[in-house]
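Below you'll find the structure, written out as structure tokens, and then a few comments.
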Amino acid sequence: MINVGIAGASGYTGVELVKLISNHPGTKLCSITSNSYKDKTLTQIFPSMRGFQRGFENLTCEKLDADALSKKIDVIFLALPHKVSMEYAPQFLDRGIKVVDLSADYRFKNASTYEAVYQNHSSKHLLEKSVYGLSEIYREQIKGTTLVGNPGCYPTTILLALIPLLKEGLIKTEGIISDSKSGVSGAGRATSLTSHFCEVNESFNAYKIGNHRHTPEINEILTAHSQKKIDITFVPHLLPLTRGMLSTIYVQAILPVSEKEIRQVYESWYGKEFFIRVLDKGMYPAISHVRGTNCCDIGFHVNEETGQIIIISIIDNLLKGAAGQAVQNMNIMFGLEEKDGLDAIMTPI
Amino acid sequence: MINVGIAGASGYTGVELVKLISNHPGTKLCSITSNSYKDKTLTQIFPSMRGFQRGFENLTCEKLDADALSKKIDVIFLALPHKVSMEYAPQFLDRGIKVVDLSADYRFKNASTYEAVYQNHSSKHLLEKSVYGLSEIYREQIKGTTLVGNPGCYPTTILLALIPLLKEGLIKTEGIISDSKSGVSGAGRATSLTSHFCEVNESFNAYKIGNHRHTPEINEILTAHSQKKIDITFVPHLLPLTRGMLSTIYVQAILPVSEKEIRQVYESWYGKEFFIRVLDKGMYPAISHVRGTNCCDIGFHVNEETGQIIIISIIDNLLKGAAGQAVQNMNIMFGLEEKDGLDAIMTPI
Amino acid sequence: MINVGIAGASGYTGVELVKLISNHPGTKLCSITSNSYKDKTLTQIFPSMRGFQRGFENLTCEKLDADALSKKIDVIFLALPHKVSMEYAPQFLDRGIKVVDLSADYRFKNASTYEAVYQNHSSKHLLEKSVYGLSEIYREQIKGTTLVGNPGCYPTTILLALIPLLKEGLIKTEGIISDSKSGVSGAGRATSLTSHFCEVNESFNAYKIGNHRHTPEINEILTAHSQKKIDITFVPHLLPLTRGMLSTIYVQAILPVSEKEIRQVYESWYGKEFFIRVLDKGMYPAISHVRGTNCCDIGFHVNEETGQIIIISIIDNLLKGAAGQAVQNMNIMFGLEEKDGLDAIMTPI
Amino acid sequence: MINVGIAGASGYTGVELVKLISNHPGTKLCSITSNSYKDKTLTQIFPSMRGFQRGFENLTCEKLDADALSKKIDVIFLALPHKVSMEYAPQFLDRGIKVVDLSADYRFKNASTYEAVYQNHSSKHLLEKSVYGLSEIYREQIKGTTLVGNPGCYPTTILLALIPLLKEGLIKTEGIISDSKSGVSGAGRATSLTSHFCEVNESFNAYKIGNHRHTPEINEILTAHSQKKIDITFVPHLLPLTRGMLSTIYVQAILPVSEKEIRQVYESWYGKEFFIRVLDKGMYPAISHVRGTNCCDIGFHVNEETGQIIIISIIDNLLKGAAGQAVQNMNIMFGLEEKDGLDAIMTPI
């Protein structure tokens, strides 16, 4: 039984982690922290959780203290804002605790890229050691690491769709476009006019065109899988729904290419993956298909005349885009079955 | 391992049953039927279910044939329209198969009440034998029966709230009002203008005032727990959301009564129930608290001066209001742990 | 041409007033104020309004200063929080400016009732003079007043439904229940966890049972139309939609009563009213029917055996429940056509 | 006063036309037709319209009969399915009645393009004569025509964004991508599983990639404004909201280009247009900004290093995307003020 701590348990990602760990057959939730709800139980914060006896019910939110926590746990999930994570991750690692960090702080290899869009990095030496937690792609490295930088939600949809095609040398590195759409929970539980019900409901808009912080994250990883530096066009949009994310990705094949060839590539990369589902020809995924699951569904269309490939890649932003992939990474780090705690099916509505 | 069949697996209730049975530790799904999707697999109907290996993935929708099915299963869930259920339930019972019927056909003791609002009943003799599947109230009878008439969703919210107060003689039998609100999935997956997105979205309305078919169902059961014939006022409304139901119930205490006394009654009836959660004073449940669970949450307000008691009772209409309670009843019928397959926690959003 | 000022123009009610006044054939918008957006134009706050040339486009949000404003306007709408209104209303009145106050500050005749649920009242002498702005009921008094206390949204739905029946002596004054449901815009544009998209979306709940501030407002007005003191049961709920409000009201007839008699009463009171639409037997209104209009739709069901009457009363909370009725009141105060600026039809979606 | 007929008045576009014509200062609604609701008044079909006295209230839905209607009207709006329109348009034209057709039947110059994606065209001779009703672009031709083929909703967003840049020779004709998203009302009022509330709500998906019928419409018009044949990539998606449409368009500048140059082009084309609003640098429109208006809002981002231009173009699909632009075209055809009946402002929620 693996002893787990969750820092930042009162946010949307944090409570999703609590759910997953509580339903997981191989873990025990030993500690939760929250700045805003100190000394509260989770059932006081989230009345939906009353009555369930899954191990979290006697815990109260502690102050985040690496010394105290490290005595109780084997692994900590840091569901904290960036910058806060990098204060704590080194302390846990020093005490022999494995870390899955859900902030951006350990996603980059290149500190200067991080610093250009976030802030100074106070533990750059860990970036070398940290593994980017895109489970299906970095599985082998995740097995051996003590520090995972869990991917951003947008990058997860885009990278899972593109890495196979890039790595196989099938697509051009220029002119890649991802038109991406996210549900509101991606922005977290903090209040702001942009998450006010009346402002979001019955609306839809693009935002941060040309300057979203996920762009350099996507570029760094794509470039690592390519011969050439990649600089994609990434346009995020806000959907009037709670959970879910869809990226529509436009790329160009290098040589004449057929639907069948692309399918074979995806098949060889993902055919045995539990959480990546490649759809049949002419089928495109809907957000409802993955809501409540750790799946990434990929559908694609190939224009064999022009060589254009259009890929639709969707996830539940709180699961494969955050808490679900974090648990998948923990499973890999500890040698558990990768789908443990993540393989319950959900119905379509 | 109990072998299970699900008739009507392609509806919203049916697929919810598939989900529950597939995640259940003590059952095996052996057979599914669907009129509209004969020979299709569930993953062809519901792409959300692709890839999950829970036992349903190799099944195709059969024609509903009691002879053929009875060889494979121990229990059948009938998620069928009323009238259709009563054609099949007797055939399964005759072949020694237990039946949980989710239609209205076996909810009534009194055939004439049923016939007044539905149609002629072709197997009246079974009404005596059938047990009303309100799990927490009829648990002992459910244990011994082979036929459960699973309650309607509206009745579940109202009966769980009122039976304790009625049975303890605390409230008047006259003047009971339930102002109830349901999500759209309660009307099923069939298309109609009233479930068209643009007609429901951003709207809300009452319907069938004074003539909803759940009224006689509620009255029959309430009367059975009272000294006097009960005829409640029931007004259903349609909420612009997918899953969930809330009843606001207004009753009058017979004698001066305190919040504490009412709390004690609920406590003594439900204090040990896993799926019924009575809220603290001043707290009222929200539909988000029960979505995805088999819980019924009850909050109440007592006006100690006037004796009026206001009770808020909520469920997920597809779970405690249909498929969840059906599985709970199966657990009881077969002597399993009552919460088996139903105790995974859900997060608030 | 009547010169109009709008205080609090950057809130949801304020901007709705701007829309109405800008489309009104007999008014000119001369001044807008906003604390949060000083010196901004409305198009900077609300990009939806860019380009329209209706008179507001050259205005910037001023500081609320009665001296300065009074030189420019004939009437001021105060779309301000309660307590703030009562600082300013007397100043405008002293300067000869008519006031339509949308806060609770001038809705009560009885200062102690106000003070029990709000705070000390600093201009009690005006309560006598102020007219409750329920247009169809207080039309004659509104004509002659300089100060209107515009009704709350919940009270509007309930009072319009009940006053005719009470005044005609048809219904009991005891046991009146209103189960009311409001869209999110009723809580305004300020951010809070309770208006966070992810908390409201796909949810529904009751709140403030037994202590909502609209209860004494409703009771004071109902009592004024009755022989006896009235104390209704009022339970508000929050709907997952932006605009709209529906009250389901339960009352008891004093003597045996028929659907026809009730219809005649409503007909005689409202048959010639433009904004009150009484529905045919068996028809019940939906929020979509009034969204974007100043209408109050009333449907009702009479149980002729028991004497119970169930009334469904709906409005757009931002229009008949706030800005629309405020403009209707201005029309009455200035002797304009009552429907001026309010009679454009809206389509159902 | 222009006498107007509306064929297909019971659909979402039809009833929107009724609203606009009823609120229009220069028209009189003389005749409405509906197959599904023959002899019904609009208030029987749409209870939201009861009580308004705007001219439609005494009309009943007639059978569509060109002879009978032609005696009463000057212009007919055909809000009919394609193929049905082409049966009737010639009859009205023959009788001297102007026609604004909202189907696809008269949008194409090239009959074979139409026939490839729709069906045989029974009045090809009219295609020459028909004017494509993109008001701001074809204003001069619309003035002189008797037959307008009103544009599709998707094409309207894309064409208004691209024609200025193409015509000025600023962008490449290859590699144009439009990632477009539509609300549910775009699919009309007919019921189907894809417009079922529970299937759309909380979901989002792409559809008809590579074979949507609006693609040839867009291509034909773009090509007409270019030196070269244009074949864009168009991917439509379904948004979980009722009204609104947003296209995110990706194009490549031919030569190095600055944000300022692009702005100047839009400014020179649209600076004086009432219904086209070009946003300031760094601002992007939201669907809520245009809901209920006939506006098309355009925001754009220029990457001056790469020459990529990203344009966000939004409309209310039922207004600028259908009924609103149809009325704008009628205004142009009859020499009225172009914004008559279309210039009421809407508030943001």
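To keep things simple, chains are lettered A, B, C and D as they appear, and every chain counts its residues starting from 1.
Heads up, the rule we're going with is that contacts are C-beta pairs under 8 Å (C-beta built on N, C-alpha and C of every residue); 3 or more make two chains touch, one makes a residue touch a chain.
Quantities reported herein were computed from a predicted structural model and do not represent experimental measurements.
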Pair sharing more residue contacts (C-beta pairs) when B-D is set against C-D: C-D
Report back the single chain whose CA centre is most distant from the CA centre of chain B. D
Counting in whole Å, what is the centre-to-centre distance of chain A and chain D, each centre being its mean C-alpha position? 39
Just how far, in Å, is the C-alpha centre of chain D from the one of chain B? 46
If you average the Cα atoms of chain C and of chain D to get two centres, how far apart are those centres in Å? 36
Within chain B, the set of residues that touch 2 or more other chains is 12, 185, 198, 201-202, 240-243, 285-286, 288, 291, 348-349
Per the touch rule, the chain C residues reaching chain A in their complex are 12, 184-185, 189, 191-193, 195-198, 200-202, 240-242
Parts of chain C lying in touch with chain D, wherever the complex brings them together: 12, 15-16, 18-19, 22-23, 46-54, 185, 202, 242-243, 274-275, 277, 279, 283, 285-286, 288-293, 295, 297, 318, 343-349
Any idea which chain C residues touch chain B in the complex? 175, 177, 179, 181, 198-199, 201-207, 209-210, 231, 233, 235, 237, 239-244, 246, 248, 250, 284-288, 291, 299, 301, 303, 306, 308, 310, 312, 348-349
